[in-house]
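These are the structures, in C-alpha cells.
Two complexes, one shared chain (subunit A), two partners (subunit B, subunit C).
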Partner chain A sequence: MTEKTNPKPEETKIGVYVCYCGGNISDVVDVEKVAEKMREHPNVTIARTDMSMCSDAGQSIVENDIKELGLTRVVIGACAPSLHEHTFRGTVARGGLNPYYFHHVGLREQDSWVHSNNPGGATEKAVRLMYAGIAKANLLKPLDMIKLKAERHALVIGGGVAGLRAAYDIAGRGINVTLIEKTPFLGGRMAQLETVFPTGNNAREDLHSLINEVRTHPLITIHTLSELVNIRGYIGNYDVQIRSQSRGVSGDNAEAALAACTQEVPDDFNYGLTKRKVVYRAYEGCFPSTPAVDWEHYDGKPIEIDGQKVIFENKKKTFDLRIGAIVIATGFQPYEPPRGDYGYDELPEVVTLPQFIRYMGLRDGNVGELTWKGHPVRDIAAIHCVGSRHLAGVHEPQPDGILNNYCSRVCCTATLHQVNELLDEYPNINVYDFYEDIRTYGLEHESYYTEASKNMVRFLRFHGDQRPEVAAAPEGDTHPVLVKGKDYLTNGLEIEVPVDLVILAVGMVPRPVDDLVDMMKIPKGDDRFLLEVHPKLRPVETPVPGIVLAGTAQSPMNIQESCNAASAAAAKVSVLLASGQVELDPFVAKVDLDKCTGTGDCIEVCEYEDAIVLETMTVEGNEVQRAVVTPANCSGCGNCVSACPHHAIDVQGWEVAHYEAMVDAITMEVEL
Partner chain B sequence: MDENKLKADALVVGGGIAGMQSALDLADQGYQVILVEKEPSIGGKMIMLSKVFPTLDCASCITTPKMSAVANNKNIRILSYSEIQSVQKNGSGFIANVLKKPRFVVEETCTGCRLCEYACPVDIPNPFDLNIGAIRAVRVPFSTAVPQIAVLDMDNCILCGKCARACPVDSIDFLQTEKEVEIEVDTLIIATGFETTPIDAKKEYGNGKLHNVIDGLIMERLLAPTGPYARVIRPGDGKEPESIAYVQCAGSRDETLGVPYCSRICCMYAIKQAMLIAGSLPMADITIYYMDIRTFGKGYEQFYQNAQAMGIEFVKGKVAKISEDENQNPVVRVELIDENSQIIERTHDMIVLSVGMSPKYNPSQVYGVNVDEFGFVKSPTPNLSSTKTNQPGIFATGASTGPMDIVDSINSASAAASSAASYLESVRNGK
Partner chain C sequence: MNETTTTKEPKILILATLSGGYAGADYVGQQHLNYTTNTSILPVRCPSMFSTEFYIQAFEKGIDGIIVMYSGTDSPFKGGPERTAVMVDQTYKKMGELGINIKRLKLAAICTVCKKPFLKQVNEMNKTLNEIGFVQDELADQGKDK
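On to the complex of A and B.
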C-alpha cells in the first residue's frame, strides 16, 4: 500500500547536499564540482554545499528546502552514516518528509580519507557515489520505526566500584537493577587498596559507603557467585540466563566451618603474599559477610562438626530474567610480568605495586622499621611503565600476540602516592624512582610528584627502549638486589642502584571477558579493552543497542574516572529505559507473501533466533506454510534474501532493486 | 506563560560541550531543562577548535550536531546571551535570577539571514577568532551558531541604521534593554568551563609581546577550516612558517604563575596540532619542547608514537626563555637534557605556547559551592561522585571542576545528569 504513494522515479524531486566536513572532505574532493555535476541530474531539484551540513544552520537549509521547494527525497554526501545518518533523518522529518526518504553517502571514510593522494580521482568517485545515492533515493519507500516495549530492568555485570556506581544511579532513576558478581564478595579491585588519591580516604571505607547504599536500595537485587551464561533478544527485551553457585556454607554454621577448615591456598586478595583457607572472607568487613567456599581450589574433603557436614554441595542454579539494558563493568586486572622480567617471580625482593600496597596494609601498625622477608628495608627502587608503553620492535608482544603499547594512566600517581605514604611513615628510607615520563596529570595529582621531590625521592629517567634491569647482587653485597640502567637526567650516565626492594608499577589489562564478547557480539579494541562506538559521540555505548560499558573494562581509569564512566553508563541506560519504550530502525527483512512458497530456505540460513519462521496460513482456501519475520529479532543481515529461490524477501530500506540501481549509476560514464 | 518567569526540572549553566551533554542526557529522560549560556551562541570552547584528538575528527563534526540536538530537543529551552545573577534555595529546589542581555535584535523574528551583517559598515575584531580576524558589529556570531540569531555590539555600533534598513523582518531594535528572568528549578548543574591561562603572564616568555609567539587556542583557529586565514601563517608578518616549536607547560606546572597543577590537555593538543601542521605544511620542521609527555588517555600513547614516526621532534627540556631576533623570529633558550644537557639557543619562525586551563568563573558566591584555591568546584566526594557539590541539588561538571579533555568532560557531564536525575527522583518521592 505504501508503494501507491510512492512517486515514480521520474517524478521525484531530490535535494542533494555535499558537505565540506570542515575540510575533511573538501581538502581532497572538489565539493563545488560535485554539486555542479549533481545539478545536471534530471531528478535533482537543488544541489548545495555547506561547510558542515550537520550544524544547525546546515540542517535548517535542508528543512527549508523541503518545505519551500517541495522536495520528495534528500541525499546528503558527508561523513560516515554511522556518525550522522541519524542526525539527518531527524532533519528530514522536521522538514515534513518521512525520515526514510533520505540516503546518506559516505564521502569521508569511503572517499576523501582513503584517496587523499588523488584529488581528481576522489572527486570523480564522489560524483559516482552521489549518483548511486540518487538512484537509490528514487526508489525509497516510506518506513516507520519499529516501536517496542522496553523492560524497565537493567543488568549490571560486575560488583566493583564501577558496577556499584552504575547500579545505584540506575536505581536512583526508578529502574530495577540486578547486579551480578562472579566472586563471592562485592568490592572488586578497590577493596584491595588502602588509602586512595586524591582524598587520602581509606579505600574500603569509601567503598562500603557505596555498598551500603546499593544493598539497601529497594530496586537493586544482588547476586554474588553469579555469571551470565546466555543472552538472547534485543534492546529493551534481552532474555538473559544467569548461573549462580552456592556459598557452600549456611549462616548458622558458617563461622564454625570457617574455623574448622584447614585447607589453605594462596590468598588472591593479597596477590599471593599470604595464604587463606578455602572457606573464607575476602577481607574483614566484606559484603556479604557470610563466608564462602572457594570452589575452584577446594579439595572436596568433607568438614564435619559434631558429625554434621558443614560444607554443602555446590548447587549451581540458573535463572532467567527479562532485561532492558546491560552494563558491563567487568574491570581490570594488574599486569603480571612474565617470570624473570625485572626479576619478577625469581627474586623474592621484587614485587608489584598492588602487592606492595597489600603488604603495607597487612602490617600490624607501625612497627618502627619496615622489613621485607625479615630484612630491614633501607633502599627501594620503583620502576614505572611495567607492562605499559611497550614499543614495537623493542618489546615482546604478550602471549596473545598483542603489544601493550598503551599508557595505563593510574600507575604514576598511584606509585608516588604510595611512596609518599611510605616516606611519611619511614622518612629514612631512600626511594629511587625509575621513570620515562611522570604522568601525574590533572588537578591534584601533580602535588604527589612535588611532594615526592620534596621527600627527596631520587628520580632517574630512562628511555622507553632502554628500560632498567634488575638482578641479584653478588654474594656478600650490602643489598640483595641491583637495579641497573641509564639515567637521562644526567646525560645517560650508567647507574647501578643497590636496593632491598623493587616495586614494579604494573599497568592494567582487562579481565578476560571473551565469553561475554562472544555472547554479546561486542567489539574489543587493539588493546583488548572493550571498545566504545565513538570516544566523544557515544563514549560508553557499544555498537550493540542497549549494552553499555562502565569503568576499566573499557580502558585504564582511576576511581574517579571509573565512577564518572559508570554514572555516564547509568545515564544512557536511563535514557533508553525511562519511557519504557525503545525505537529501532526498520531495516529488517520483509516477505512478499505472493511470491513465498514456504521452502524454508530462509530459516536455514538465518543466524538469529525466531527472526524468521514458517507459519501456517490459508491462501485461496488452502493451508500453506509461509515465512513470517519478527522485526524485533531481525538484524537485517540479508542472509535470507540471498537464500530465497523465489526472490520473495527484501530488506526494507536496502532492497535488491536499490542495489541494482546503485550499481548501474556508479558505473555510468562520468565526465568532469 | 509569563516569559519573565520560567519553570523547569533542571537548570544547566553553560552551553559548552559539558553543559550540552548534561542537558541532552536529562532531556532525553523526559526532564524539562533550561540551558543558560553567557555568549550569544552555545558551543563553548569546543566549537572553536580545529580537529580533536585522538580520532582527528573535525571539532565541528562532533559539536555542531550536539548543538543542533540541543536546539531541536523539545525538552530543552536555551537562554543565550544570559547570565545567572543570583540563586536562592527554594525548598529542595532553587530560584535563579537571570539577566538576559540585550542583543538589539528581536530573537522571536530574526531569521539569521545575515542581511544586517552584510549591510554593517563597522569591522571589529572577531572574538570567535580570538580577535585575529574581523567581523561586523552586527552579525550572526559564527556560521554554525545556535541560535542563528544576530547580535549587535552596541559598544562599537555607530548607529548608522543601515542594518535596520536592510533587515527584511524589522528585527533590529536599538532600544532593547536587558531583561530579568526568574527560573524555578529543582536541580542545577554548573558547567561554566575554563579559560586558557594567559599568554602574557610569564616574563621569561616575553609577556605576550613577542611578534610570532601565539598560544594553542589561536593555533586552533589558524588550523580550523572556519578560521581567519584558513591556513597557518605567522601573525607578525604573514609569512608561512618553516620551523614551528611548541613550548609545553607554558602556564601549567609552574608555581611562579600560580598554576602548580598539570592541565591534562596540553600534551595531546600540541601533538595533535603538530600532526595537523605537518599535514598542511609538509616541509615545516616541528619541535615540541617538553618536561614530561603525558599522553595517558585511551589511544593517546599510540597517537604520540604516530607523531614521533611522522618526524615531529620531541625535545626533553623546559624552555627557560624566549626572545626575538632582528627579524622577529622567536629564539628559545633551552637545556637539551637528552643531549648532554647542553644549553643552546634555537631560532624558530613561530612558537606556540601550550597554555593550560584555569576556571572561567568562580561560582562560589552565586551558588554557595565550595571551590579550591584556583576556583575549580570542589566535590566532597571526588572519587565516588565527582559531580556532587557541598550544596544538595547543585552539581558541577566538566572543566569547571578541574582541567579535563573533551572525552573526560563528556563522561563527567553524563555523570552529572545521572546524579541530577537521581536527585530529582528522590525529591519527588519525598525521600
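On to the complex of A and C.
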C-alpha cells in the first residue's frame, strides 16, 4: 500500500494521541497537559487523550481522524512499543494510511512507571519524548513489508507433554514438525507420575495416548537423543543443525544387551531410589521401546552378548534442517534441596515429593501396610514451599546466586492430591501438613484441600522466616524423626511432631538451557525461566520472531497449563507458517543512488553474505559501480550507514536523519 | 515550545537497542524502579549506524551525556557490537580533539533483564555530569581558549 508521494515535513498533518493507560500513565503524567502542549506544534492537526488507546474505541478514534481530518502521520504515546506498536500500525492502515506513517512513544515503562516520585518531571519528559516522536514522524516514509517464503516446518525442542502437545497441534494444521528430545525416551516428567489431578487419570496412560498420536502422525518426525547445536537465520528461514547420539543397541542385539549388561547406576527415573543398568529402558512401556545406552555412565567395558564381547559405540551424527519456527519445550526439573536442608540427604526418612510418588508407584499393589526402609509408616509430615518462596536474608541463594523467590504453584495441589491418595489406601496413617499458604488455585483444585481436611490431615501453618526444622529423634524414641516449628493457626504454639517419614514438597526449577539461550538470544527472567514478551498480551512469544515457548520452560505450570501453553504456542506457529510466507518489517538498508559513488565501504563492514553488492549501471551515459541491497539478506543493522562517507545508505524506518530530528526535539527546553 | 539551548539539569540521551537496552529499560519500568527524568531513551536497532559526526552534533546541540546501551555479545546483528565499539572509539578521539570530556559518552552492554546495570549506568552518568557540568559550558570554554 505504498503511497506515491511523501509529504514534506511542513505539509504533514499529524494526529497525536496520549493514552491514560487506565491510570498507568495518567496517575503520574499529566496527560491532558501533554496533549495541550502537543497542540502548540505547527504540524499537529489534532491532539487527543483517551483512557485506553488500544481498545476498539480508542483505535476507532484514530481511524476516524485519519479519514475525516486527512491526517498524514500518527503519533501515539502509550505503553511499550513491544506491546502495541503492531496493533497501532494496523489501526493506521485501517484508517487508510501506510502503516509505517506511525510512531509509537513509550510513556508507561519508560516514563510513568519509573518516575512515580516526580510527576512534574515525568510530564515534562512525556512532552519531550512526544515532541521527539513528532520530529521522527515528520520524516517517515511509506514502506512495504518484506514478504519472504517461509518454510512450513516447525522444530519442537523437548519431548515432554508440552512438546508432544505442541507438535501434534502444529502437525494437525498441515505443517511438518521435527521433534527433538535430548534423552533416549519421550514423555518427560509426566511419565514419572502415577495419577494426575484434577482428573485422577493414570498419568502414563494419558501420556501414551498422546505419544501414540504423535508417533503415528505422518507429518511428525521424532529424533530422540538429539539436541540443537547451531542456528542461523530468521523467522520463516532458520537453518538449524541437530546433533544426534546413537542408542548404542539396535533391534538385533538390544534385548540381549539389556539382559547381559551388569553395570548399574542410580535410576534417575526413580530419582535415585533404585538402580538400573546402563543399557536401559526408562520404564516398561516407554517410547521408543528399544533400549538405549546411558553414554554418560557407561564405563566403556565390553559386555558379553551371545558369546561375543561387544563394546558400545556412540556414533554421533549431525544433520541440517531449514525451519520456519521453533517451539521451546525444555521443561523443568524438581528442586533438589542442599544436603542437610530439612534433613535431606542426611536422614533416610526425608524424601522429596517426586521421590515419594515414585516410591508409591514402585510398590507391587497394596501390601496392607506402608513401610519405609523396612519400618512401618504411621505418621508422615509434609512440608510445603521447599525450594520456593525463598526470602532474602533468610535463605541461602542457589549456587548461581539467585534466590528461588517465586511460588512454584503446582506443589500445594500435588502434595494434597498425593496425601489424599495415600489416605484412601492407608486411612490409619496420620498426616501433618506444614504449610506457609495453601495455594490450590486451579479449577476444582480446592476440593483436594477440602478432602484432605475431611481425611483428618492436620494442617499446621508456619511463617516464611520461621520454617519447620527436621531432626533425628533421640535414640529409643517411638519415631525416627522430629519436626519442630511454630504453628500460627494456634497463635505460634511451639510444636514437635514425631514422624516416620518427611515429604518435602519441592518446587520447580527450569532445566539448564543456557546453550539454547546463548544460541537463540532469548531472555531469561530473574527466576531463570525463559521469558515471554508480555505475560498477558504475548504470553508464549519470545522477543525473537518465530521462537515461542511451551510449558514449564517458561514458568511453573501443571499439566493442564502446560498443554494450554503448548496449544497456544502451536497456534502461534501455525499462524506464522500457514501461508508459506512471512512478512517482515521493511527495516533494511536502502541506497540513495544519487549520493552513492560506489566506494564499496558499506560492503567492507557488512557481515551478511550478499546483503550489499556493487553492481555496474549506467549513469549519464557512463558505466559506474553502485551499491545495491538485497533486502532478504539484509539484517538492517546499520553497519553500512556509519561507513558511507557520502551518507548514501540508511536503514529504512530508522534513518540517521530521524535521530538528528529527535535530538533536536529533546534538546528543546520544555515549558509546562 | 520554546527553542533554546539552556538547561536546568543535564540532558542524558540513551541510545538503546531493541534487543538489549530498550527492552532492559522496559524491564526496569515493569519493576517500577525509579531513576531521573532527565533521560531520553531512543530505541535503535543497532548503534553501529551512528557515526562520530552524529555524536558530536548531539553534544553540540546540548546533549550533556550519551549512554549507548547496546546488546554486546547478545546482539542479533553480526558485527554490530564490534562496529559500534569502533565508532565510539573514533568518537572519543574526536571528542578529545574538540575538548569535549570523553566521560560524556559511555558504551554499555545492557541485556533485556539488566535492571541493575541499567540503573547503575544512569546513576553514574548523572554523577559524572554533576561533576563535569554542562556540555555547552565546556564548548563555550573551548571557544574562549581559541
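Keep this in mind: the second predicted complex is superposed on the first by the 601 of 672 C-alpha atoms of A that agree within 3 Å, B and C clash if a C-alpha of one lies under 4 Å from a C-alpha of the other, contacts with A are read in each partner's own complex, and residues count from 1 in each chain.
What we mean here is this: a residue touches a chain if its C-beta (ideal position, glycine included) is under 8 Å from a C-beta of that chain, and two chains touch if they have at least 3 such contacts.
Just so it is clear, the structure is predicted and the values come from calculations on it, not from any experiment.
Chemist: Return fit or clash for subunit B versus subunit C, each positioned on subunit A through the superposition.
Modeler: In the superposition, subunit B and subunit C stay clear of each other.
Chemist: For subunit A, which side has the bigger count of touched residues, subunit B or subunit C?
Modeler: Partner touching more subunit A residues in the overlay: B.
Chemist: After the superposition on chain A, what is the angle at the C-alpha centre of subunit A formed with the C-alpha centres of subunit B and subunit C, rounded to the nearest 10 degrees?
Modeler: For this superposition the angle at subunit A equals 100 degrees.
Chemist: Look at A:N176 in the shared chain and tell me whether it touches subunit B only, subunit C only, both, or neither; answer first, second, both or neither.
Modeler: A:N176: touches no partner chain.
Chemist: For A:P543, using the defined touch cut-off, is the partner it touches subunit B, subunit C, both, or neither? Pick first, second, both or neither.
Modeler: A:P543: touches subunit C, not subunit B.
Chemist: Quick check on the superposed pair: does A:Q418 touch subunit B, subunit C, both, or neither? Answer first, second, both or neither.
Modeler: It touches nothing on subunit B or subunit C.
Chemist: Identify the partner contact of A:F587: answer first if only subunit B is touched, second if only subunit C is, both if each is, neither if none is.
Modeler: After superposing on A, A:F587 lies in contact with subunit C but is clear of subunit B.
Chemist: State whether A:Q245 touches subunit B only (first), subunit C only (second), both chains, or neither.
Modeler: neither
Chemist: One more residue to check, A:T224. First (subunit B), second (subunit C), both or neither?
Modeler: neither
Chemist: Touching A:C21, do we find subunit B (first), subunit C (second), both, or neither?
Modeler: A:C21: touches subunit B, not subunit C.
Chemist: Quick one: classify A:Q355 as touching subunit B (first), subunit C (second), both or neither.
Modeler: Neither: A:Q355 stays clear of subunit B and subunit C.
Chemist: To be precise, I mean the smallest distance between any C-alpha of subunit B and any C-alpha of subunit C in the superposed model; what is it in Å?
Modeler: For subunit B and subunit C in the superposition, the minimum C-alpha gap reads 7 Å.
Chemist: Find the residues of subunit A that appear in the contact set with subunit B and again in the contact set with subunit C.
Modeler: Looking at subunit A, the two contact sets intersect at 525.
Chemist: Using the touch definition from the top, list the residues of subunit B that touch subunit A in their complex.
Modeler: 25, 28-30, 51-52, 54-55, 57-62, 64-65, 67-69, 71-72, 112, 143-148, 224-226, 253, 260-262, 264, 292-302, 305, 316, 337-338, 340-341, 372, 374, 376, 382-387, 402-404, 406-408, 410-419, 421-422, 425-426
Chemist: Contact residues on subunit C for subunit A in the complex?
Modeler: Those in contact with subunit A are residues 1-7, 11, 13, 15, 18-19, 23, 25-30, 32-51, 54, 57-58, 61-63, 74, 76-80, 83, 87, 111-113.
Chemist: Going by the contact rule set out above, which residues of subunit A touch subunit C in the complex?
Modeler: Going by the criterion above, the answer is residues 37, 40-41, 80-82, 106, 108-110, 113-118, 121-122, 124-125, 128-129, 131-132, 521, 523-526, 531, 543-544, 587, 605-608, 635-639, 641-643, 650-651, 654, 656, 659-660, 662-664, 666-671.
Chemist: Subunit B touches which residues of subunit A in the complex?
Modeler: 20-24, 26, 51-52, 54-60, 79, 83-84, 87, 90, 94, 161, 165, 169, 172-174, 196, 198-199, 201, 206, 209-210, 388-389, 391, 405-407, 409, 437-447, 450, 488-492, 525, 527, 529, 534-537, 539-540, 554-556, 559-561, 563-568, 570-572, 574-575, 578-579
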